[in-house]
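Each of the two complexes below includes chain A, the first together with chain B, the second together with chain C.
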Partner chain A sequence: MNVIYQFVAGPLAWAAFILFLSGIFLRMIQLFVKVNQPEKFLLHYFSLRYGLRSIIRWLTPFATTNWRKHPVFTVVTFIFHGCLLITPVFLSGHVVLIDEAWSLSWWTLPDGLADLMTLIVIGSCVFFGIRRIVRPEVRFVTDASDFILLVIVAAPFITGFLAYNQWFGATWMTIAHMLSGQILLAAIPFTRLNHIILFFFSRAYMGSEFGKVRHARDW
Partner chain B sequence: MKKSIILIVMLLSVAALLAGAALCQDDLEYLDNEAFEDPRRPAVPFSHDTHNQTAELDDCAQCHHVYDEDGQKIEDESSEDQACADCHGLDDDEQKPGLMKAYHLNCKTCHISSRKGPVACGQCHPK
Partner chain C sequence: MSEAQNLDNKNQLDTATEAGISRLTPEKIKKVVDCVIKRETGVRFETYMQTCIHCGLCSEACHFYLSHDNDPHYSPAGKIKQTIWELIKRKGNVDRDFIRRAVRIAHTECNLCKRCALYCPFGIDIAYMMLVMRRILHKLAVTPLYIQDTAHSHSVTMNQMWVKGDEWVDTVQWQEEEAQDEIYNLRIPLEKHGSEIMYSVIAPEPKFQAQLIYQAAIIMNTAGIDWTMPAGVGWDNSDMAMYTGDNEIMGRVKRAHFEAASRLKVKKIVMGECGHAYRSVADMGNRWLGWSMPPVPVVHAIEFYYDLLKSGKIKIAKKYEKPVTLHDPCNVVRGAGLHEKARYVANQLCDKVVEMIPNREHNYCCGAGGGVINCGPAFKLSRTEGNSVKAEQLFNAKSRGAMTLIAPCHNCHSGLHDIVHHYEVGLELKFFSDIIYECMEKPEDK
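Here is the complex of A and B:
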């Protein structure tokens, strides 16, 4: 068992981090090449000011018309993404391991709060899954891959919660957790989860076109 | 006759129980986490003598080590008269890891290399 733990916490973790970072890097190069070749004119529109304006506005709850039109969805989306990004970065369990490996450490969330935020992420994933089933306009654009992505995202949170609370055997659950976290990290650049990165580019582009070319807000 | 044998057996077992209890009290059972300002995890169960017997650790300095000024481990000296917290502060101090990291590196490195003993958080900090 220690051999499996060591393998998953060691070489496999390295592989996942390398795939994650180099995948993001590749995606960004790919994007620039694509934009630069036939559609070079797109770059002319680019404006830092309008690009940032759009990113900030869309990252502010209820700032845009679309956010105001769907209040419940907006609240859940913002809380979900906040917990999704903040919990793993400021989790004591993760920082302890990073500190042991690289002597790097930073502020951590109290464990009880992290546990609550984990539950919020799991609950939101359930909400998004149900929404995809019951709302006809969403079901129309939903296929199996949407549910697979939701499971990939929820899995590290479910297994992390079970490992921390030591249900169903802490050791195996920790190993399952590390595996599911690695699957998520490796999947981000190569699936639609890459909206984490693409969001900023597409918003910056839309903002630039609306602001610099059409002299309008982007709602 | 029969009665006195029963009495002797009873007395002997009480004595054995008491001796056992006394021995157990000598053996550490939990590693103290008082040195941490505000412990976040349950204290770690660790039966000192039993652990070191089953793991066949004869050299006390594997854990109770002494270093000279250059950071070289002094081979035949040991520091079991001191707590880890006497030398290891809460934060790292150059080569000397902070208290939590000192424990984690000491315990986990050996458990991984000897392929036995706990390695996951929940195994050492059971609720």
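Here is the complex of A and C:
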């Protein structure tokens, strides 16, 4: 088991981070190369001011008509994304590992709060899954990949929560946690999870078009 | 899938389009799909394909979805799923039934009104995706008969309605003579080089709404505008080729329009109350020709009337008494942000303006634009039934007192006319120019 642990915590972790970072890097390169090929004009319409206006507007809860139309979804989606991004970065267990390896550390979340935030991420994934089944307009555009993505996102949080609370076999659970986290990281650049990055581009382009060319609001 | 196929069986297309479909082979379909996707799309298309997280939040933006009791087949993402997604997923290996369904969805169940762009958290331009689908259908030669005929007319005559060269000049001079009964020295100057303004219209005006040219002449002459109209090609600013995906013809038509303005050495083009023409001249056609913005400044009628009223060049003798409600056309509101200027004009002209709910950028589409009404009578019922939510919106405005409906766009005008009749809404339809003509101070009053 030790060997497996060492392998997952060592080379595999490196592989996942390299895939994650280089994947995003390559995606960006690809984006900029391609935009310069057949659709160079897109850059011409790009506006920092209106791009940011649109991004900020849509990243503010209830600031757009559609966010206001779906209050429950809006609350869940904002809290979910917040917890998803904050918890792993400021989790004391993670910071300790980095501190031990590179003597780098930063502020950490109280453990109780981190637990709560983890449960929120898991609960939100369940909510999104149920919403995909229950709401006809969502079910119609849903395919298997949407559920797989939800599982990929929820898995590190489920296993992390179980490992931290020493339920089931803690070591095995830790291995599972690391593995699922690595799968999530590696999947981001290569699946629709890359909306984490692409959001800013598609939003900024639509914001630029509406602000600069159409003189209208896009929210 | 069986549900989709049932719909297919129920919904035959017009005979010409069916004939086009019967000529398709799997090889041809695949070749065209590959060609368009590979050569004509790029990072924008890919990003939209990769970013959509299938959240369904665009659904409530669409009047077809709302009017069909929230049937997901009609939601924006639902329509993309049944067309582009499936096409990409199957790498172009689709059959005739798929194409038949795609024709119906892309040409008659989406107005390209871009309301969904305001509802997608990622800002995915679903109308653009639908235009890619229409481009593929165009290259497969399965564009619905009536709108294809319009594109042919553009190609042959450089106008939308097969208006011949002499008919155009005849009609303008006929309206000039008619209007001289009212203002004896009125002119509709043709080919007057060096004028400040070139006024352009859509071909349905000389074809069957010549009174709009008459009214424009009265407004121009009263306001003392230095204007002209082209006597040759380029007088028509409309463009249905833009909606059939026939970008090459769109480019030719727009080039003729801009070249007319340049030949006449005008400072700007003022266009009549038409929305899609504005989209073509100031958004899509210019881009196709390589102009990021139009090479000659383009002013839509709403903005022109705003300037005339604001500067006092046109004065209102007596305001229009009946309460009005104002329809915000997609192409000049979501497309050009003219909603506040439209309200200024409405308030200057009318005693009372009752707001529709929703309004401005969030107004519901008329159901006719995007080339949908141009697909012809075969689809009229599905178009009006697909927009019951518009009828509800109009009834609501009526219940708050509105008696007249102002639609400053030709397509909206025709679409709303059908909705008002189909649902017996009982609102009188007007263009801004109808009301300006009715209420303005004319020379003899001065």
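Keep in mind that, in the parts below, the second predicted complex is superposed on the first by the 219 of 219 C-alpha atoms of A that agree within 3 Å, B and C clash if a C-alpha of one lies under 4 Å from a C-alpha of the other, contacts with A are read in each partner's own complex, and residues count from 1 in each chain.
Here is the rule we use: contacts are C-beta pairs under 8 Å (C-beta built on N, C-alpha and C of every residue); 3 or more make two chains touch, one makes a residue touch a chain.
Not measured: the values here are computed from a predicted model.
Aligning the two structures on chain A places chain B and chain C next to each other without any clash. In the superposed model, A:R49 lies in contact with neither chain B nor chain C. When both complexes are overlaid on chain A, the residue A:R139 reaches chain C alone and has no touch with chain B.
By the touch criterion stated above, A:M206 is placed in contact with chain C alone, chain B being left untouched.
Residue contacts after overlaying the shared chain place A:N194 against chain C, while chain B stays out of touching range.
Once the two complexes are laid over each other on the shared chain, residue contacts for A:H215 go to chain C alone; chain B is not touched.
When the shared chain is aligned, no partner comes close enough to touch A:R68: not chain B, not chain C.
The wider contact with chain A, measured as residues touched, comes from C rather than the other of chain B and chain C.
Fitting both structures onto chain A leaves chain B and chain C with a minimum C-alpha separation of 36 Å. Listing the residues of chain C that touch chain A in their complex gives 39-44, 46-48, 50-57, 59-61, 65, 70, 72-73, 75, 77-78, 81, 117-119, 121-125, 283, 287, 292-293, 333-337, 339, 361-362. On the chain A side of its complex with chain B, the touching residues are 2-3, 5-6, 9, 92-93, 96, 99-100, 103, 110-111, 163-166, 170-171, 173-175.
If you check the complex, the residues on chain A that touch chain C are 31, 34-35, 37-39, 41-42, 44-45, 54, 58, 64-66, 69-70, 73, 132, 135-143, 146, 192, 194-195, 198-199, 201-203, 205-207, 209-210, 213-219. Residues of chain B touching chain A in their complex: 40-41, 92, 100-101, 104-105, 108, 111-112, 115-123, 126-127.
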